[in-house]
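Below, chain A partners chain B and then partners chain C, in two separate complexes.
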Partner chain A sequence: MTMTDTPTPLNRLGRLMVDQPLLPLIGLLILLVAILAVLNPGVLSMFWAGNTIKIAIPLAMLAACQTLTMLTGGIDLSVGTAATIAAYLTATLAPMTGVPPAIAIALASAVVIGLVNGFGVAICRVHPLIMTLGTALIATGCLLVYQRYVIATGVLIPDFLIWLGTGRSFGLPNSLVLFIPFAALVIWAQRRSGFGRLLYAIGANEAAARLSGVRVWQVHLTLYTLSSLIAGVTGLLYLGQIKTASLSLALPLDLPSVAAAVIGGTSIFGGRGGFGGTIVGALILTVLTSMLTLMQIPEGGRRILFGLIILAVTALFIRLTERS
Partner chain B sequence: MTAAPSDAVLDATGVAKRFGAVQALKNASLQVGAGQVVALMGANGAGKSTFVKILTGVLKPDAGHVKIKGRESTVANPAGARKWGLVPVYQEPSLIPDLSVADNLRLGDTAMEPFRHWVSELGLPGLDPEAMIRSLPLASLRIVDLARALAIEPDVLLLDELTAALPTDLVDRVLKVVRAQADAGRSVIYISHRFTEIAAICDRATVLRDGLTVGDLPIEPGIEERIVEMMLGGAVAAAVAEERPVKPVPADMPRLRVRGLKTGTRLTDVSFDLHKGEVLGVVALEGQGQDELFDVLAGNRKASAGTVEVDGTARSFHHPADAIAAGLTLVPGDRAHALFMSRSVRENIAAPLLARARNWGAIRMGDEAAKVSAAIETLQIDTRAQGEVRRLSGGNQQKVTIARWIAKGVQTLLLFDPTRGIDIRTKRQIYALVRDLADQGAAVLFYTSELAEIRLACDRAVVIFNGRVVDVIDAKDADEATLMRAAYGLTEKAPA
Partner chain C sequence: MKRWIEANSWTLGLAVLLAALLLATKLIQPGFGASGLDSLARAALPFALATVGMAIVVLAGGIDLSIAAMMAVASVTGAVLMQGATDLQSVGIVLGVLLLGLAMGAINGFLIVVSKVPDIVVTLAMLFVWQGVALLILNAPGGAAAPWLRALTTGNFPGLDILPRAIVFLAVVTALIWLPIRRSKLGLRLYAIGSDALAAFRSGVPVGQTRVIAYALCGLFAALGGLSVTMGTGIGEPIPGPYLLASVAAVVLGGVVLGGGRGGLLGPILAVFILRTVRMDLTLLSVDPNVAAIVEGTIMVAVVMFGAVLATRGRKT
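Let's look at the complex of A and B:
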């Protein structure tokens, strides 16, 4: 028995979205695919599905960083930078040091970004938006310095990353080998691990978490470090997918990763949401992008539509869930 | 009721005010003549603050008249009150923190010269008018606020708990100045918990109870007892206390030994012992240092002096986690500070189990479920809306904040006014629970703003006044009148 009074259809939909937030999102995804099929008959295929998933995976992984930080009421705007640095260092160091040391250095650099973020947010109490934006700018600057002064002997993209990023097995992208265990771990951890629970608790009421004995700074430090590590791994995957080392490789994914988490139902104010919705959110964004591309709308119009749809979906979602 | 003096400067009669279902004021009246200081008194919930808000134009009365200098007051807001010659000075100084003293005066259209005169008269001749309000200590702000009011030369000065947290030398100065105001023919309404001050400067006391003015007495020696009786009313004796066997104070080493605890301006010097199996009540009027005491014991605030010993070992808490590790767990006064409103009952109760980094890994779900349901069972929490704590009733929310520590295992429970704003059935369950916990060996510190609860739930009570323990009273002697007298600092028994 709940305390709902006079359930209107909208109200009921709202409650459904609170209790089962995935259902309406999956409905929206199916609707978008159907529109795409009507607009471009014959476009749907196994190949198209595999390709969409392949493109959505790096986005979903960066959106995992946003989901986890947003659960505490934070955000991580340095994920694109951390991913780019990890990818660039791997590709340029591998010819000199060999692949394993290059990847180790790359991921260590990502972790350093996370530690700085965590230090700023947890110890100095800087707002995560400012802190992560600041470290992103500093880290991008460091990458430019590196690019200028370390004479790269060439670019080497490790084969297994190319296999992971672009290969297919049984029609499905190989990146699922990385993504499925990753997603399972995050979804499990957010509900079934002490750390995951505390993310929700801190987002719901940080003072209450403190009174419950949680040393909030430890959670923040761990969280932002973890977020950058995930971003670093995503950078490696993205390197294998794009197959070029660029100084702005994953930067364009920063804001879409936030959008995917928000569309997926994670509240930017903390305490609500989860990675399941974020995965669907990333798929929605990817399908939306390919739909707008196929519709052959000029770039300007495409961006305007993209922004409008994100706003509409998010506003609708918040309106419905807040109502109940 | 004494007849209103015909020359009353302020004459309020038959004032009533209702908020929704609550009749905050039924029939309040107050007369203040020229050259008089009148104390306005009343226990918590008597309607004192509503009455003050009506006098100063913050609220509009539903019925009744307020006349100032014989004319019907049309005061619609605090600025209007000032035009009519009534100037209030509240417990929280009404000054803008990011402006200097001089800028604050300019904002209020107050002249500098009389202000300077009053500031030095009140004991702060060295005050720099360019100092930022933010940088001044609270005591100085009170003086600034009062000097500003005096500089306006009001006909009626309304002083609300002005001397709380003022050092003694400043209190003496303030009292002299206030009395001199009256002697010069002005009128003062003086609100205070301190009988010594009232005896020193007031001519009369008007007593409110349950929204009614129940008395208007001249101040004379021994009047304190009459005023306390009036504030409580005749209904006190009706409060039924369950008969409980009286426990002697245990002789063993106390679970919690507090000595000379001090922090901030309010908590000055508190000492007491709390034993295993004991429920120790804490009685205090608003703002006597009890909030700070609980915060320090829970590790939420640092003590500036004094010691806390747990089971004979001196402890110093830098974080609530330290206090919890020492077995001291807090149920704060405001549920909103303790709960994760958007999360489930289970997650709320289990939070302390996961707090430490070594518990960040996989949750043993079966183990957790067992602990949580046992706690829910103990507290009889209604779990029909357990998906989100915000959907629970206030009483059930309060139970969740306690259940959290039951699930964790209670050693020393710090309850800050745990029954405020909840229904009588839940209150009784909480008293019974507290007794059970004590019988099982827990130590409980129980602050309550409802004096009758001391007899219902506690073994002894310490009374805190002005940041110090002024009395220790056994539950059997803790009738409301005794507690109220002690809470107003009227007994001078030295604590054990």
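Let's look at the complex of A and C:
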């Protein structure tokens, strides 16, 4: 109402961030890398770059779950649990059943978590945040019960997962073999496929989408199942990277995955954003984390910072894109 | 009389359910008596206080996801400061922690009102912030609680064997804080912004200010809940417990509509005791504690699902 017709610099920045969200993000990433180089000269190398990419990939994949669910105005806080369960099941079942059945069971469990989420969100209309939090709680309980029966069987981490998680070829991490097709598929799906368009449509205006004949509940059910499946695959990759099966393997990635999607320009209210920005967001967070570690900021400080970043970026997006 | 029963049918039903559950407990464990009630009440106390805080915010049309993290901050702050403090100092510390709770809640509310970001996003972000603060104050469980504070909620009320002190504590604290507010203009405003913020605004209710007060009250009860964790265990706990989901489930089961404006505090408190009694019965039946956690989680998720279905129905008609 108080805005005049001449665009202020802030307005122009807002339009830029909405139209070309990647440009300022890449700028921010370069700025962070430059600061890191000043703080610790000699840190930048091909090895460092490969390492950063390697660490950022599981984060970016979990952030893909957040991006897709956020496009519809949802969120999935059970991804860390789904990934942990998939990894733990694979590692503990492999000595007994062999690798392929173990992976099949692991991914099936992740899909079950997704189906429960989808049922709650799509049919009971529970808020996704509460629903996924609840499923995560129940799933963690199931994992603890399961863990008591498998202590004796030992742990086996499949070789190809270790190759995928920690190996390098030509100086670049092998996990790119999984990630590049994955990212290409997600970006293609969100832009070009009917399912992707439905996600944007529901996020922009659910009532309108429903009136145009979209079966919203089917989209939600598919979406949350897909999200958990992606989380399960990420868990396998992360297992190869960390090389231990623990009960809280991927849980520390839960919060950063939300932060990566939000920083990447995906609106938490739905309808805007995409996976391209999320990838850059994950890289930014990884560089930021290594910077904070370098400055010896404790875990508590990091959490505060992540929380404030989510809040600040969301508030900024609302302020910048507000049309009155 | 008939009208009163109709208006409070949900709460009465909960009371009957709780009585039935306690009877069932007596059947499972014939020795269940004063000491059993005492341990039940002490285990339920942090949940009950968290639920009261959550219920106030939900009544005012919001939700506070950071409640468990605020409890953790209050718990560690109290425990760290009370280590080696005298009784007189610890009174001051308790008051300070309560003020801290009010401040944390007010910050949540203020950020929601000023940033215009939806409450669910702001309190999610603040959940991480308060978690970080708690970890900065105390990295691992530790600290101490003043003995008089622990005595406040342990054991039974003198002269009346069957009444645990923890229940008296809960009743006194809740009544002291909530009843004056409920009877005043502020209470009416809280309900008003919960049922229709726009209508409340047009009737001259300061919506933003009332919302900040609602969150501040939630923070106050979170601080009480955090202190009660410290009272129960004698140490401060920096990792938040499962209070968020439990409090939302109890609020829904207690007859407060998610979205605001309808319900009271008695229902949610009864609901907390129902959920805790179920948990205790499972333990008495010697169910594996992890399985009991799964059953409890499933009940809570089912309750929330049911509540959401009801809320959707209510919106349509």
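Note that in this section the second predicted complex is superposed on the first by the 288 of 324 C-alpha atoms of A that agree within 3 Å, B and C clash if a C-alpha of one lies under 4 Å from a C-alpha of the other, contacts with A are read in each partner's own complex, and residues count from 1 in each chain.
Keep this in mind: a contact is a pair of C-beta atoms (placed from the backbone, for glycine too) under 8 Å apart; a residue touches a chain by one contact, two chains touch by 3 or more.
For clarity, every value in this text was computed on a predicted model and none was experimentally measured.
*Asks:* After superposition on the shared chain, which partner residues are touched by A:P298: those of chain B (first), chain C (second), both, or neither?
*Replies:* second
*Asks:* Now for A:F195: first (chain B), second (chain C), both, or neither, which partner does it touch?
*Replies:* Only chain B; A:F195 stays clear of chain C.
*Asks:* Could you tell me if A:R215 is touching chain B, chain C, both of them or neither one (first, second, both, neither)?
*Replies:* first
*Asks:* Applying the document's definition of touching, compare chain B and chain C: which contacts more of chain A?
*Replies:* Tallying touched residues of chain A, the top partner is C.
*Asks:* Based on the superposed arrangement, let me know which partner A:C124 touches: chain B (first), chain C (second), both, or neither?
*Replies:* Only chain C; A:C124 stays clear of chain B.
*Asks:* On the A-aligned overlay, A:G141 touches which partner chain: chain B = first, chain C = second, or both, or neither?
*Replies:* second
*Asks:* What part of chain A is in contact with chain C in the complex they form?
*Replies:* Touching chain C from chain A are residues 120, 124-127, 129-131, 133-135, 137-138, 141-142, 144-145, 148, 255, 258, 268-269, 298-308, 310-311, 314-315, 318.
*Asks:* Which residues of chain A touch chain B in the complex?
*Replies:* It comes out as residues 1-3, 19, 192-195, 197-198, 200-201, 204-205, 207-215, 218, 222, 271-272.
*Asks:* What part of chain B is in contact with chain A in the complex they form?
*Replies:* 298, 300, 319-321, 324-325, 330, 332, 336-343, 347, 350-357, 359-363, 365, 384-385, 387, 391, 404
*Asks:* How about chain C: which of its residues touch chain A in the complex?
*Replies:* Its residues touching chain A are 65, 111, 115-118, 120-122, 124-129, 131-137, 139, 242, 244-245, 248, 258, 288, 290-291, 293-294, 297-298, 300-301, 304-306, 308-309, 311-312.
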